[in-house]
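As written, the chains take the letters A, B, C and D, and residue 1 is the first residue of each chain.
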């Protein structure tokens, strides 16, 4: 359990972004669909807050033209390593997960605005690869002496990964739709989400949009705060192309710079 | 010295072409610019005649879209291996020479019409990477009991490769423009090309176009036959795109199917 | 097994996959790779009245995810076609579509009249769009000339008349309508986009003609857009062409509104591309439990 | 050290490399990566009279070696530009070129008149070509409307007036001449090619608007051709845009006839692309012993 020492701060605001090459030092296949990729940087990695992401460029691939955005799963400022959980869904993620140790990947990071600190006890709800930003979040909340529980859900047991790592930080429970691991059913049927207002003051969630919308509805019904980490199709990842908008009370905002984490109160159509 | 047994035949005509995957089993860097690539086929390789070529497809590279044509340097029908000498000149050749053992490369071959058998003694004149088709030619002439000498030329000693392999088959001499290896000067200043008509009845040549044209002029002056192996920009390599034409006495012909080997008598502007 | 058969006017295609003109020769060269009779149709290299030597070398430039060609309609003319190529084509058991090019309306009419006599020519594709020949270009980039040429050929050609459109126009919908008005039975598009490549090191254009025709996956988004626009503008069938590399690309064109597709540049990179496009479409249909490929056409 | 300075009418560019509208925001976001004052110029995202929300999500589709966008000119309008963005732009020590979009001639004139008052706006680039906005498109695809718009803006704008052309036309040379006749000081081209992407699995268009603008290396051959044609048709300077990823690409555009270039989509893939394009041109000049970048312009 190595805390990223810089995570003692509570403020989670965009830092200066940098771009440089990383070297893949470990490509750990977690299961056929999920890989944990560990990269090492030869220069000091910038401070990364939970919920922030990076844009990775797969070297010389005919299959992908643009970079791909990935949440930062973990960062170690002593070892200068940075970790991602990648789920294979198309050409870019496939190519990335096929890279051999030693491969060079260019990165732009840290990008976007991450989660904000909660006041009371909070609940982390991660669905599938949506758990990716939740590990740093768990560390950060712990470092800042916040109480929280962790709920991880997936379609099958293959979508539930790195449970051990998470359980070091908080009480953890699991749901799968096929019931092969944890409680059977949609994550939203878990008891912790029955009346969350009685225990939690905030829900943090990331996962498939349908899941996040269901969680958001529960949070609204329970009158507690809810932060969601959105996805969008991104060309740049740092606010210049305006391709990644979401409708908010302030008009169309960019998911890459004004998000990816939004409070559902500010999103249009999320109530 | 392993003869490709099938090379006992004298007729050198296009065979049915095939396309399949090959596996790179050796990538031998001969010097910074030249690599010998040895591929293994899991199916029997087709009979290949000297001067014929193949179209190779580098796997998933953003740098190249089309296949690249390469002369077949050597083929072994027992081991099912096929060899190429590749000179790095641009993205495609660079990428190919960077491949690691085990890489899969798709091939279409054998393509084009190769050299024809000589009657008297012949002289092989190879410049730089133009030596690539000459190794199979040397083997074939030997198998068919033809006498020949081999002259290899280059700008520097780095352009003179695989001399040992060639010298197993015939008397060999070398020229370099910088004089670091063999005789100093252009290949066309070598004594064997002073009055070739007195010794040889045929010249086979492959190399930079300026060199081949100079050799052709010498052959014409000496009234001996001369076959040149031409290059051209190719999209398909097997006669369907009509991108690779050369002006001949029969009009525009495709270098990929009517060549790459032409008798200079049939070429326009080569006299 | 889903149904793959589609119709282009009177033409019955056993599947929606043809090969594009200029990328498949006259079919013979692919016989080594697979039985070309498995294709829905074969569109030949352009045939003109007189033999043509085409442009000077170099004729090809590789570009990012595409290529430029400046072949310039090299072919041996209609006489040679009839005596040498046609007998070979008769051995192929699928639709044979002859791509026709000309300098003048009279040239086109002459060639089409001759082709009208040949039983095993199932359709012609009027190439009014090749950007490499000055005269050919003009027909495809103005509505009145496109209509006039179509009307003239229609008079002498009585089987399926396909007109192939140039993408180098402001409004593909207007040209499409003009050609429909002229009496075409079907449209095919797109031909190549006019482009250029420059060799910075040599400070020269790569092609002998400076400009040439761009093809390959690079142009697929433009081709899809034009097929979408053209198929909505006319009521005759549209054949989609441009950057198709596999079955999924082909399905995209069908969804955009094409009734069939042609595979072009892909044949150079993967000689089995057209065949694999057929199986790719079949796989798609099976995966989505669709019984008939016709259900995909225009179903966005 | 070769000379990199070029002129676009009254504008002196310390080097021929600018950034393309819509790919560089208003310059601020790239400050983390390098000092943007090193660029020859910065072209901003389009500014319109009223704020615009742009199109619905999804606005982007990746294509082979390119991308489609359907941003739809989202911006906060000229008032916000003046009060919020302009003060920031004043801190940048290079040419600031404002890309202007409008629904009507009056809109364009209004915005250009306001911009004419701002000292640190060195030029405007009239976007008559964005394919995502119906009205904007019309100006760029017909000669009379392109001329009329240019004349109207010319009357109120007294610094360097650049007009940005749409590639979705039959004859780029004619549009170029029409705009020159209207009084433009320079042309920039190309804007995006109109294209489309389809998600076969979902059987839907990828973009909310169905069609969008294609950019990136895929379009470079078309862009080079149009710069070549346009620069030969007019006597005002031409700025080359389309798929430039590095210095060699930029040199190709200069050779084709461009006096300067803009780097667009490349900024997304490599945030240092524009800066590296400058050093790439410099390397090329050194390698070829050319003392002045102006020697490359049109030197095919």
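The criterion applied here is as follows: contacts are C-beta pairs under 8 Å (C-beta built on N, C-alpha and C of every residue); 3 or more make two chains touch, one makes a residue touch a chain.
Values in this document were obtained by computation on a predicted structure and should not be read as measured data.
**Student:** Please identify which chain has its centre, taken as the mean of its CA atoms, farthest from the centre of chain D.
**Tutor:** Computed centres place B farthest from chain D.
**Student:** Round to the nearest whole Å and give the separation of the Cα centres of chain A and chain D.
**Tutor:** About 36 Å separates the centre of chain A from that of chain D.
**Student:** Measuring from the mean C-alpha position of chain B to the mean C-alpha position of chain D, what distance in angstrom results?
**Tutor:** Result: the chain centres lie 48 Å from each other.
**Student:** Quick one: report the Å distance separating chain A from chain B, using the average Cα coordinate of each chain.
**Tutor:** Chain centres of chain A and chain B, defined by C-alpha means, are spaced 55 Å apart.
**Student:** Identify all positions of chain B at which a residue touches two or more other chains, and write them in rising order.
**Tutor:** 62, 65
**Student:** Spell out, as numbers or ranges, the residues of chain C touching 2 or more other chains.
**Tutor:** 61, 63-66
**Student:** Considering only which chains touch which, label the overall pattern as line, ring, star, complete or other.
**Tutor:** ring
**Student:** Please give all chain pairs that are in touch with each other.
**Tutor:** Applying the touch rule to all chain pairs gives A-B, A-D, B-C, C-D.
**Student:** Which residues, counting only chain C, touch chain D once they are in their complex?
**Tutor:** 61, 63-66, 68, 141-142, 168-170, 193-198, 200, 203-205, 210-211, 214, 217-222, 224-225, 228, 243, 248, 251-252, 255-256, 284, 296, 299-300
**Student:** Where on chain A is chain B touching in the complex?
**Tutor:** Residue positions touching the partner: 60-63, 65, 95.
**Student:** Mind pulling up the chain A residues that touch chain D in the complex?
**Tutor:** Those in contact with chain D are residues 16-19, 57, 62, 64-67, 106, 108, 232-247, 251-252.
**Student:** Chain B touches which residues of chain C in the complex?
**Tutor:** 22-25, 29-30, 32-33, 45, 51, 53-54, 57-67, 69, 71, 74, 216, 265, 267-272
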